[in-house]
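For reference, the structure is listed below as structure tokens.
Think of it as A, B, C, D, E and F in the order they're written, each chain with its own count starting at 1.
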Amino acid sequence: MALLVSAAIGLLTACGLYLLLRPRVFSVILGLTLLSYAVNALIFLGGRLSATAAPLALPGAVGLADPLPQALVLTAIVIGFGMTAYLVALALRAKGETGTDHVDGAPPTDTPPGRAE
Amino acid sequence: MSPHALAALLLAPFLGVPLVLLLQARGRRWAAWGAAGAMAAGLAILAPFVSAVLHGGTVVMRWPWLPEWGMDVALRLDGLGLLFAGLILGIGLLIVLYAAYYLPMNDRLGRFYAMLLAFAGGMLGVALAENMLLLVVFWEITSLSSFLLIAYWSDSREARVAARMALAVTGGGGLALLAGVLLLAHVAGSFELSEVLARGDLVRDHALYPVILVLVLLGAFTKSAQFPFHFWLPNAMAAPTPVSAYLHSATMVKAGVFLLARFYPVLAETDLWLVLVGGTGAVTFVYGAYVALLKNDLKGLLAYSTISHLGLITLLLGLNTPMAAVAAVFHIINHAIFKASLFIAAGIIDHECGTRDMRRLGGLFRFMPWTATLAIVAAGSMAGVPLLNGFLSKEMFFVETINHPAFFGAMGYALPAFATLAGMLSVAYSARFVHEVFFSAATADMPRTPHEPPRWMRLPVDVLVALVLLVGLLPQWTVGPILTAASAAVLQADVPPFKLAIWHGFNMPLAMSAAALVGGLLYYRRRHALFALHARFLPRLASQVAFERAYRIAEFAAMRLMALADRRSLPTYLALFLGFTVVLGAWAWHSATPSSLAGPLPWGETDPVTWVGVALLAIGALGTVLLHRQRLIALVFMSVAGLVVSLAFLRFAAPDLALTQLSVEVVTIVLLLMALRYLPQEAVAESSPALRWRDAALAGLGGLGVAALCFAMLTRPFDTISGYHIAQSVPGGGGANVVNVILVDFRGFDTLGEIAVLAMAALGLHALLDGLRLVPQAGGTRTQDRYPVMLAMLMRPLLPLAIAVSVHIFLRGHNLPGGGFIAGLVIAIALMLQYVAGGIDFAQARLRLDYVRVLGLGLAIAMATGLASWLFGRPFLTSAHGYVSPPIVGSFEIASAMAFDLGVCLVVIGAVMLALTELGLLGCREQAPAQGEG
Amino acid sequence: MRRILPQPVVSLLILALWMALAPAMTIGQFLLGSVLAIIIPCFTQRLWPDRPRLRRPLLAARLFLRVLADIIIANIEVARLVLGPLDRLNPHFIEIPLDMDDPFVATIFACIITLTPGTVSVDIDRTRRVLLVHALNVTDIPGATATMKRRYEAPLKEIFGC
Amino acid sequence: MVTETILSLLVLVGGAFTLVGSIGLWRLPDFMTRLHAPTKATTLGVGAVVVAALVHTAATTGNVGVRELAISLFLFITAPVSAHMLSKVVLRPKTSGK
Amino acid sequence: MTHAPVLPILLPMAAAIALLLLPAANRRAVALVSMLTQLVVAGLLLVMADDGTVHVYRLGDWPAPYGIVLVADRLAALMVAVTSVLGLAALAHACAGSDRDGRHFHPLFQLQLAGLNGAFLTGDIFNLFVFFEILLLASYGLLMHGGGSARARAGIAYVVLNLAGSALFLIALGLVYGTLGTLNLADIAVVLAQVPQADQALVRTAAALLVAVFLLKAALLPLSFWLPHVYTAAGAPVAALFAVMTKVGVYALLRLEVIGLSGAPATAGLLQPWLPLLALLTIAAGTIGALAARRLAGVVANLVLVSTGTLLAAIAVGTPTTTAAALYYLPHTTLVTGGLFLLVDHLARERGPKGDTIDNGPPLPRALPLGAAFLVLAVAVSGVPPLSGFLGKVMVMQAVRDAPMGGWIWAALLVSSLVVALVLARAASAFFWEAAPDEPPAAQAEPALTGRRTVAALLLLVAASPLLTLAAVPVAAYARATADQLHARQPYIAAVLGAKPDVQRERRP
Amino acid sequence: MLTLALSAAITMVAAAMLLTMARLLRGPAPADRILALDTMSINAIALVMLIGMLLAATVQFEVALLIAMTGFVATAALCRYLLSGSVID
């Protein structure tokens, strides 16, 4: 189980990172979303796997799942959502300002490095 | 006189700075008086110390400031300091007077005098510093004020470039000096000169001695324009002549040789010193003298002459003999006097004739005989003509060359021969100065007809040339005491007996002088051949142009380097970050105590459902990647991955996470879809295969790393504090859902921050989309059946039911999965559906909600809940809970955390709806595609 | 009455849902549910203009049960079709003329058709007053049309009085 | 024992119809016929599971409730919308869009 | 008084809420009053911290390490104070008009301060993440304030990079919790020291990931290229406020390293082998970048890199003395670079279309006062005597002298000083001296900044360096005491966890 | 017996999800993939309820309810996007 779950998280991470490195904002947003899945799962696993644990502090419940990482993940999910919303708007703004959705504001050109700013 | 008066002495010029700036409003005369007053005040404060210092005393004052960092306000006045202070203030006074006449009448003088006084203060500080760091501070102040003064006539491009060049060289040298001083203090164990000067042997024997020496010498040589750092000085002649006279001949350029003299007891008397200091001085001495002759510009000639004389002084100090040091001090005095008077005279000539080009000047003796006479006397001193002060120190130099212990045998003649040669060159350029300016036939193109300058303008020359004669004729009487005192300060030992007399009999030095005089004059007569040679073979690049060109090359190189290093590409930045992290992480693991990746825990059984889940997740994620250019499809794959992740949360006993992930997922999809309307629906493949492989490799490494760390973590047990949360959840937090109690109580502060983030995201989005106009890129027609009737109809009963469910989720959150965040999202989704189904106009008109206010209200409620605990004397966010039992209804629990959760709920609704409506409103101001795409 | 309970059916639904969701049937929960049943429609009613009124609730209940039964039967029938050889399928579009104007009631009709496996409501064309349905396996189109109109549309018209 | 048998039956029926729905989704030849498949999962598949859950809760905790029915309530409202929207997408005039 | 540690967070938050709910007319007043109050609170906090007490504020009245605590020690108080001063100046400058270039400037500005102060005050590492996100999201909004394509381009890079950073932060936090089982920094320090050998590699790697996150924020060399583009694209008051943003990364690294990492065998020596080298290269990169910049704002932005490099070089060495030196240098460099950003705006507006390009332009109407301001700031920032830049540099040089790369750091600092001085001299020459006299003063596209508030804002930051020089004795003493308090570690841990920590832990799984 | 039945049912639902995923991969039209997504969420409801019964946990219910309430939202939004090029207008 540990190996499989780790591999799944690794795969999610790799997919997220690959998309993050693409030159278009939309792909980057997809990548960040995938990456956040992986990250949230990883934090959650900080409390270790417990397929049989009880989820709540119900009276008499034993072997509770670790609640602390869950609370952390909840915070992380919400923050990640806010960030995604902002990035979406920023992508549109950048599209409006530069006319492209390329992350660098312009598709790469082949001109040699010249006078940068 | 209290030693603390030294501080007043130092302050006098600095206090003059604001004074002259204020006084200039009342007229330039006032400004001049102010400046003169500051200099005079300095002299007045100095006066009472004179006799004590001349009798070998050293006055030291010390105010501890930052002792831990070696930085104290410590000043000393010894013979050397007294000599310099006198020169600075005395010549300064004369320059103030001269400048008042020299500078054009429309100059209000305040700014000029302010800079001049700041310089004088800095220079005094150098002379008086006891603390070595203080010395560096004042050293750089002189560089800085020199920079400002050279560029005083900033309209001239030459002046501006020269100023920056001077700053580059002298400022850079100052920084080397700083390093040298810091090392020296480290080695000597103190920043105080009194202590450092006494530890010469310690320093000279230290391994760092060569480093210290080189660093200090860099400071000294740059400041004193020693070859090869000399080039800034001739260019500095772009400054107004009073500045040239004061800074660039009499005082500031002497700071370098002052430094050599200052550190003589610590750093000198080694072979390295002899080679570096003596060698540099010798080269500079000859080089300066040689070039001086070639200069057509009067000030240029004087500048190179200054370089040459500074070389001479350096050479003297480098000879490592006590008498040479005495000669050096003596020549410092003499040079300051005659060179200042020559510069002033040159300024007068420039002022009167409108040019400084010696090829255009001539026969001035007729027009201004008195000035000419004075200048000739001063030039004589420069050439080493007997009866003048320059002769005396040059004689002493000749003596030292003959007797030098390091040069014996055949080499014993080399040094005197060299000295004679250099003396000859000095004579030649002095002769050119005198001859071409005052005697040779006047050319017709002098811009103005010259005549004698105003009396007060010439007064400084009068005074200085009088000194030339006085010192030349009565050396013992005039400079004997100060020379002794200053030499003693330099040597930090008894001064060897010397006789200051104008006549030592017929001896070798006199012969050398004579040879130099005669040879120099002969050489001058043959000068035209030399000039022709230079004109033909050495078309020289002006050092100014060279500096500017070098600066531009550096600038361009920097730009190229930056352009190469920084392609302004986000993927590259990300790749760097990722690569950096992977390398750092790998190194961290590798550099730790070796351990296996797998920990002691069993890996656990894998059930088939998990396999299926992982398969679905993998397909979802890989599908997103492989199809990412078909954006809509990628979105579908991604949401499958999201669904599987939430199911996984549920599977592993985290229902709150599953609920949140699910609802967030939905809103995210809608947001992305709304954005996708304005983005290309399909992207082209634009990364090269190589780049894709690089990214894949990096991403793979990152994924592998995360997987490995995750695996290592999962197979290891750990001790956690969360047992406390579980135990305290019901008794302390009043809720059975530990996760929720953590969110709203144990770690409610996180949640407050989290809703602040959400609120800001919405506000930021609101600001970003404000007034934005975009061209839609999505297909589909907007007119055809915009609001499908089944969707519209079914969303109507859904809303009230969804709100009911949301209230249910909200209220149970403290004890069961749920809570304000999920409740808010459910309401937001239901509201959103009204917009989707009925259109923005329909919904907006009927909901009439200002979502910014909803958001603000939510934040306010959450915050107020936290603050309420202050009323009970408890820290922020302390919760209270209890059971109330009204009749009929039965007992139920009320927790203050619920109010907090209500705030969370409202913020979520406000933020999500603000984002969605603003994105929707983009459609109302779309641009037609025809105008689009610039 | 109209002011307090603008949408009595919706209020009832809310109360029912609330009590269904409630962890325990207590008086407190009932009161709370009632309060919600009154408050929520006040907020949401503006988003539901021109709603039809339920006139025959009992008939509605009977229709509901009939639909449930039809769903189960249809499920088995469709399962057979899906698992069997595909050439037995006989898919067709059917246009059912609508005898009512109210879009909401028409939507309920369309929903019922979708929920019974084998038929899917594709579109309500309000200008042509036609419900477009896709059927998975139909041979007798007029017969199927008539059945659907009889079994579902007629009672719906009665229930909502339109 | 009777309850358990009923429960098992319901559960199996739910699973089976869900599976049949997905088999249909995979097997059926064109989009419009595939659109019929999930309706089974929605109605009888989830429906049977919901009833099973209801009975299960009553049997294990003694609380007789109907809250699981809420799931079917929402599904009955939302599933037709999905089908409706999807078929509109497929049947939309091909002239539109880029 | 008892609530003082939480006030620097709550005040701006409350102000932000008020700004959202109040009518637009009162916004500037509310914002400025909030800012002034924050300054007073910051002063109070400084006074409270200066007696050596570590003030711990238990949010929700939960004991550490279970709940979140705020820790107001000397270091936190110093950072909050610097932020308040800079914030006041930036806000006053913005109130001259640029605050109305877009929506929601004031709430975002207040929340930015809340985020900064929270990051400095919190004693909980996950809460630090939350405050990082607050200050980042606010900074995104502020960066984009006013719009324009340069900002959009820079904004995308800035936001995405930081989102990647946040993801890494979370990964690191997940690993930290998953191994140490706690989130409170003091508790982390306690647990970290006892990590069994078999787990040390994992813990060390997790710590390394945290370090990478902080270095991204601080803009260490391979992670620094975004910074000049972002800071030049931002509006002047925003760029000025951003001067403290990199310091958050530096602060977090310092706090983590000294309190946590340095005291544990698992994480000892995590920074020393490589950080000085990279810090050195960062100084070089900033210097080269300053030389390459075509605009004055670009020069200043690169100077931020130089200051980051200098601070990290000092921190990497990691002795109390280097920390003390760094802590004297930090307020200086923050306030001075902030002041330069404001000054650039003054100059750019007076030069009209020429803006802040380093090129000759029209004569400046206010050449003398602006020139004086430029002189002071340039002297301060280049580390030339006699201002605080020099003092800071001398302190750092002395502190790192015996460190392994000490000589190189010296060389970097000195060469950088010289080049920066020359670059600024070149700029001064272009701005103040090369004005074509016959060219008429620029017909200004935007009104010159002559309002009382903007002048006061500039004056405040121009005066900072001279004041830090004059008050060098108390400031350096404070820095020294701060460094000692920090490096003693025990006062911090004992204040948070009690003298004899008795933390309940349970083993999982 | 019940456990066995539940396991069998869960296996069936899991198989259903794999088949659904196959359709998602195969397409061919975007509508097919959206239909698969929609089906997936309905399958998920069944799975959640079944696992809930297997673990005798009651908290699964809310998750199933939420999927029922929101699962179609993505479908509706995607379809509306394909139809008219926007979600909210």
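FYI, contacts are C-beta pairs under 8 Å (C-beta built on N, C-alpha and C of every residue); 3 or more make two chains touch, one makes a residue touch a chain.
Note that the structure is a prediction, hence the values are computed from the model and not measured.
When chain centres are set by their Cα atoms, the one at the greatest distance from chain B is C.
The chain pair with the larger count of C-beta pairs in contact, out of B-E and D-F, is B-E. Centre-to-centre separation between chain A and chain F, using Cα means, comes to 23 Å.
Note on chain placement: the centre of chain B and the centre of chain D lie 70 Å apart, centres being C-alpha means.
Distance between chain A and chain B, defined via averaged C-alpha coordinates, is recorded as 39 Å.
Note on chain placement: the centre of chain B and the centre of chain F lie 61 Å apart, centres being C-alpha means. Looking at chain F, one finds that residues 10-11, 17, 30, 34, 36, 59, 65, 69, 76, 80, 82-83, 85 touch two or more other chains. For chain A, the set of residues that touch two or more other chains comprises 20, 25, 28, 40, 42, 44-50, 52, 54-56, 66, 68, 75, 79, 82-83, 86, 90-91, 93, 96, 103-104, 115-116. For chain C, residues that reach two or more other chains under the stated contact definition are 17, 21-22, 110-111, 121, 123. Of all the residues in chain A, the ones that touch chain B in their complex are 1-30, 33-34, 37-38, 40-42, 44-59, 64-68, 70-71, 73-75, 77-79, 81-86, 88-93, 95-96, 99, 101, 103-104, 107-108, 113-116.
The residues of chain E lying in touch with chain B in their complex are 3, 6, 10, 13-14, 16-17, 20-21, 57-62, 65-68, 102-104, 107-108, 111, 114, 118, 126-127, 130-131, 133-134, 137-138, 140-141, 144-145, 147, 156-157, 160-161, 164-165, 168, 171, 174-175, 177-182, 187, 191, 197-209, 211-212, 216, 222-223, 225-226, 229, 265-266, 269-270, 273-274, 285, 288-289, 291-292, 325, 379, 384-386, 390-391, 394-395, 397-398, 401, 410, 414-415, 417-418, 421-422, 425-426, 429, 432-434, 437, 472-473, 476, 480, 503-509.
Those residues of chain C that touch chain D in the shared complex are 17, 20-22, 24, 71-72, 75, 78-79, 82-83, 86, 89, 91, 110-111, 114-123, 134, 136. Of all residues in chain B, only 559-560, 562-564, 566-571, 574-575, 578, 601, 603-607, 610-611, 614, 617-618, 621-622, 624-625, 628-629, 631, 634-635, 638, 641-642, 645, 648-649, 651-657, 660-661, 664, 667-668, 671-672, 674-676, 678-680, 683, 686-687, 695-696, 698-700, 702-708, 710-711, 713-715, 718, 720-722, 725-726, 729-730, 736-739, 742-743, 746-747, 750-751, 754-755, 757-758, 760-762, 764-765, 768-769, 772-774, 815-817, 821, 911, 915, 918-919, 922, 933-934 touch chain A in the complex they form. Interface of chain B with chain E (complex): residues 65-66, 68-71, 133, 136-141, 144, 147, 151, 154-155, 160, 163-164, 167-168, 171-172, 175-176, 178-179, 182, 186, 551, 554-555, 558-559, 561-562, 565-566, 568, 570, 572-574, 576-581, 584-585, 587-589, 591-596, 599-601, 706, 709, 712-713, 716-725, 727-728, 732, 745-750, 752-754, 756-757, 759-761, 763-764, 766-768, 770, 852-853, 855-857, 859-860, 863, 866-867, 869-870, 874-879.
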